[in-house]
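Quick heads-up: structures coming right below.
The two complexes that follow have chain A in common; it is paired with chain B in the first and with chain C in the second.
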Partner chain A sequence: MKTKKAQIKMFETIAVLLIFFVLIAFGLIFYSKVQRDSIQGTGKEYFNLKAIQTAQLVSFLPELQCTSPTSANIIGDDCFDVFKIIALKDIIEDNSKLKDGYYFDLFGFSKITVEQIYPLGKKWVIYNKSSGKSSKSSLQIPVLIYNASSRENYFGVLNIDVYK
Partner chain B sequence: MFINKMKKNKKSQAEIIGLAIIVILITMGLLFFVKFGILDKKDNSKESFVNSELASNMVTVLLKTTTDCKKSSVSDLFQDCAGFKRFDCNDDGVYDSCDNLNKTIDRILNQTLKKWKKPYKFMVYRGSDIKMEKSYGNYNKNSAKKQGIAVIPTDMGNLFITLDIYN
Partner chain C sequence: MLNIFGLSILLKKQDYKMKSKKGVISVQFNWIFILIIGVLILLFFGSFVVKLKNNSDITIANTIITNMQTIMTGAEVSTKTITPIKIPDREIRFSCDFISVGDIEKEITKNKIVFSPESIKGRTLLTWALDWNTPYHVSNFLCLTTPNYKYIFINSGDAQELYNSLPSKITKDIVKPDDISSIKDTGNYLKFVFFNNPKPEDVTLSSSIKSVSDKEVSAINVISGTNEIEFYEKKGAKFKLSGTAGYLGDPMILGAMFSGNLVDYKCNVEKAFNKLSIVSMIYEKRTEYLQDLYVGRSCISYYDSSIFSNIIIDSKREINTNSIQSINSTIDNLKLKNKNLQSYSCPTMY
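== the complex of A and B ==
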């Protein structure tokens, strides 16, 4: 009878230990999942912030910004000069050293496009350097495209795609 | 006597196991609540920035855009449409600044916010008089929104232009 009592006690201890380990394993799995999600979230947030940073960099790029016809120092808000867009696009296209050096340091792996919405028509790919990965963070910002020769303002959109 | 004691022991053991199961279930429930209720907050820093930039830039850029009505800007057309209506865009004797304005704004909004599937409400008003109202998508009036505002002075008072972009 004493042996049976001891067996029952042993079984009890084993059951308690088993439940304890199951709880610990469950806790560990949960903790690792939460940590993984948190790291992934931080990575995604950084990726999105990079897109925002690139958009702001492009918006205030002196190579693209409009200047007042009367004074070169007055810069129009959210305005790109159409001739500056064409010039910068050509310079970056023709000079791979500039593209892979100076502008790569600024924009990294991204695609920067200015699209004319009204009147419909033109689209300029100013900078395009893909990392080969498909995942990207995109954003669009409306900008004014100023044509100095006709003195007309067109409605445009600045498209930014940042690759991982 | 001994058999009775054993029966009592077994009963208490079963109760302890039941209690343990309840504790495990409550713990699991709590963990799930923490995981999905508290920790699972969406990252919306990008959306907030994009909507805020969109709303303010959209209104600013839209007003400065040159239309095909005698090279006048959208802002000029608004002033005329809300005022004495003196613009004849096609030189056909019809004062059509309002029609031209409507077409231009429709074209721009369709090519941008509608194409990107962003719910919006565009409104032009003077006092309680609503001059123009355009909207797209399903949105709740109480849901989070970013607003772009502009004021245009006209012959008959200030004209308010608002663009609400909803999340």
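== the complex of A and C ==
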């Protein structure tokens, strides 16, 4: 009888401990899931932020920006010099060290294109380095394309695709 | 009979003693068991709390660094504006290539030129972006400081002009060379900016400044004739030379002033000259395209892409007085040719 009582007591203790640890395990699983969701959310936010930062960097890149013909220090907002666009495209294409070093550091895995919209014209792929992943964040920024030779302005769009 | 009765009593007594011993052991075992389990549970929750705290610290540090990078990108493009930014009261450490909070460290990319003290503490961060033109726009320098840093200009040479170019939100002062010895400790980190008259090593600081930690006071000396900046550290009441570096343009003087040390300044100057070579490559190619377009026309004689080639060569060399002065003379030549192009209504080179 006494042995049975002791056994029941032991079972009671073990059951209490078991429930206690099961509850803790549930708590931990729930917490880790919440944390994982939060980390994924932060990652997404960070990715979008990076896309915006890349767009901002390209928009204000001295390698592309046009300067006022009257004063070199006055920089036109959202204005790209057509000869600079061609020059940068050629330099990045010809110089893999620059593409994989300096500009990769700047743009990472992304594709940067300038497209002349009006009058309908050319499209320049300035930088293209894909990570092989399909998920990307795309941004379009309207820009002015200035031709220093003809002194004409064209409407264009700066396309930025940032890959994960 | 009596003996048998006596023996049974004795046996019962012994049995009682045994049971009582078992009870004592059982009660004690229970308490030991509770103690061990209790300690284990406490340890488990304790370690959980410690891990949570560490995680939270890492998250905060990461958030600060991510926000700092966003701030830096934003501030970098809005030149000539000073922006006070509220930051958490944590120490943010800067070097030329890294930004770190606590144990978390992130790289500052090669295109970002950030002149900053080694450590930033306090609630307000001041960001000031300066555009660097040679004479075409090459890059924006981002200068970081806090109201806790005081910049004292010694009035000679270009001091007044440079002092006036500093926004009023930056803690600054301009003093005559004779008044240096009367400068008192105001609780700020002090950075003296000399213009080679007098030289920092010839100056004796006041007893108030002498008592301040050597790490909290430093100086730079701008030698405009040779395009050099000397970096000084405080040793007691005197300044001691720690090294020399070159500069090209006023933004670099201001960069040296905001820099925490000579190594970071030199590293940022290298980044700037690397950018200069890249931007010059663009202008070189652009000039070649214009040359091709204007073949047989009067403008052609003013286009000269070799000017940019010279700048590229000089900016890739070791940065010293010679290379900087060579770039300076090329710039003068470029300015002249560009002026000619402008006067003949030709597209300019920059």
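Just so we're on the same page, the second predicted complex is superposed on the first by the 131 of 164 C-alpha atoms of A that agree within 3 Å, B and C clash if a C-alpha of one lies under 4 Å from a C-alpha of the other, contacts with A are read in each partner's own complex, and residues count from 1 in each chain.
Note that in this section a contact is a pair of C-beta atoms (placed from the backbone, for glycine too) under 8 Å apart; a residue touches a chain by one contact, two chains touch by 3 or more.
As the structure is a prediction and not an experimental result, all values here were calculated from the model.
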Touched partner set for A:D90, first chain B, second chain C, both or neither: second
Which superposed partner A:Y118 touches (first chain B, second chain C, both, neither): first
Touching partner for A:L49 - first (chain B), second (chain C), both, neither: both
Partner chain in contact with A:D105 - chain B first, chain C second, else both or neither: second
On chain A, positions contacted by chain B and by chain C: 49
Of all residues in chain A, those that touch chain B in their complex: 1, 8, 12, 15, 19, 22-23, 26, 30, 33-34, 37-38, 41, 44-45, 48-49, 51-52, 55, 77-78, 117-120, 137, 139-144, 152-157
Residues of chain B defined as touching chain A within the complex: 2, 9, 13, 17, 20, 24, 27-28, 31, 35, 39, 43, 45-46, 49-50, 53-54, 57-58, 60-62, 64-66, 68, 71, 73, 104, 107-108, 111-112, 116
Contact footprint of chain A on chain C as seen in their complex: 37, 44, 66, 69-70, 73-74, 76-77, 109-111, 131, 133, 135-140, 274-275, 278-279, 281-283, 285-286, 289-290, 293, 338, 342, 347-348, 350
Interfacial residue positions of chain A with respect to chain C in the complex: 17, 24, 46, 49, 53, 56-57, 59-60, 62-63, 65, 67, 69-70, 72-73, 75, 81, 83-84, 86-88, 90-91, 98, 101-102, 105-106, 148-149, 151
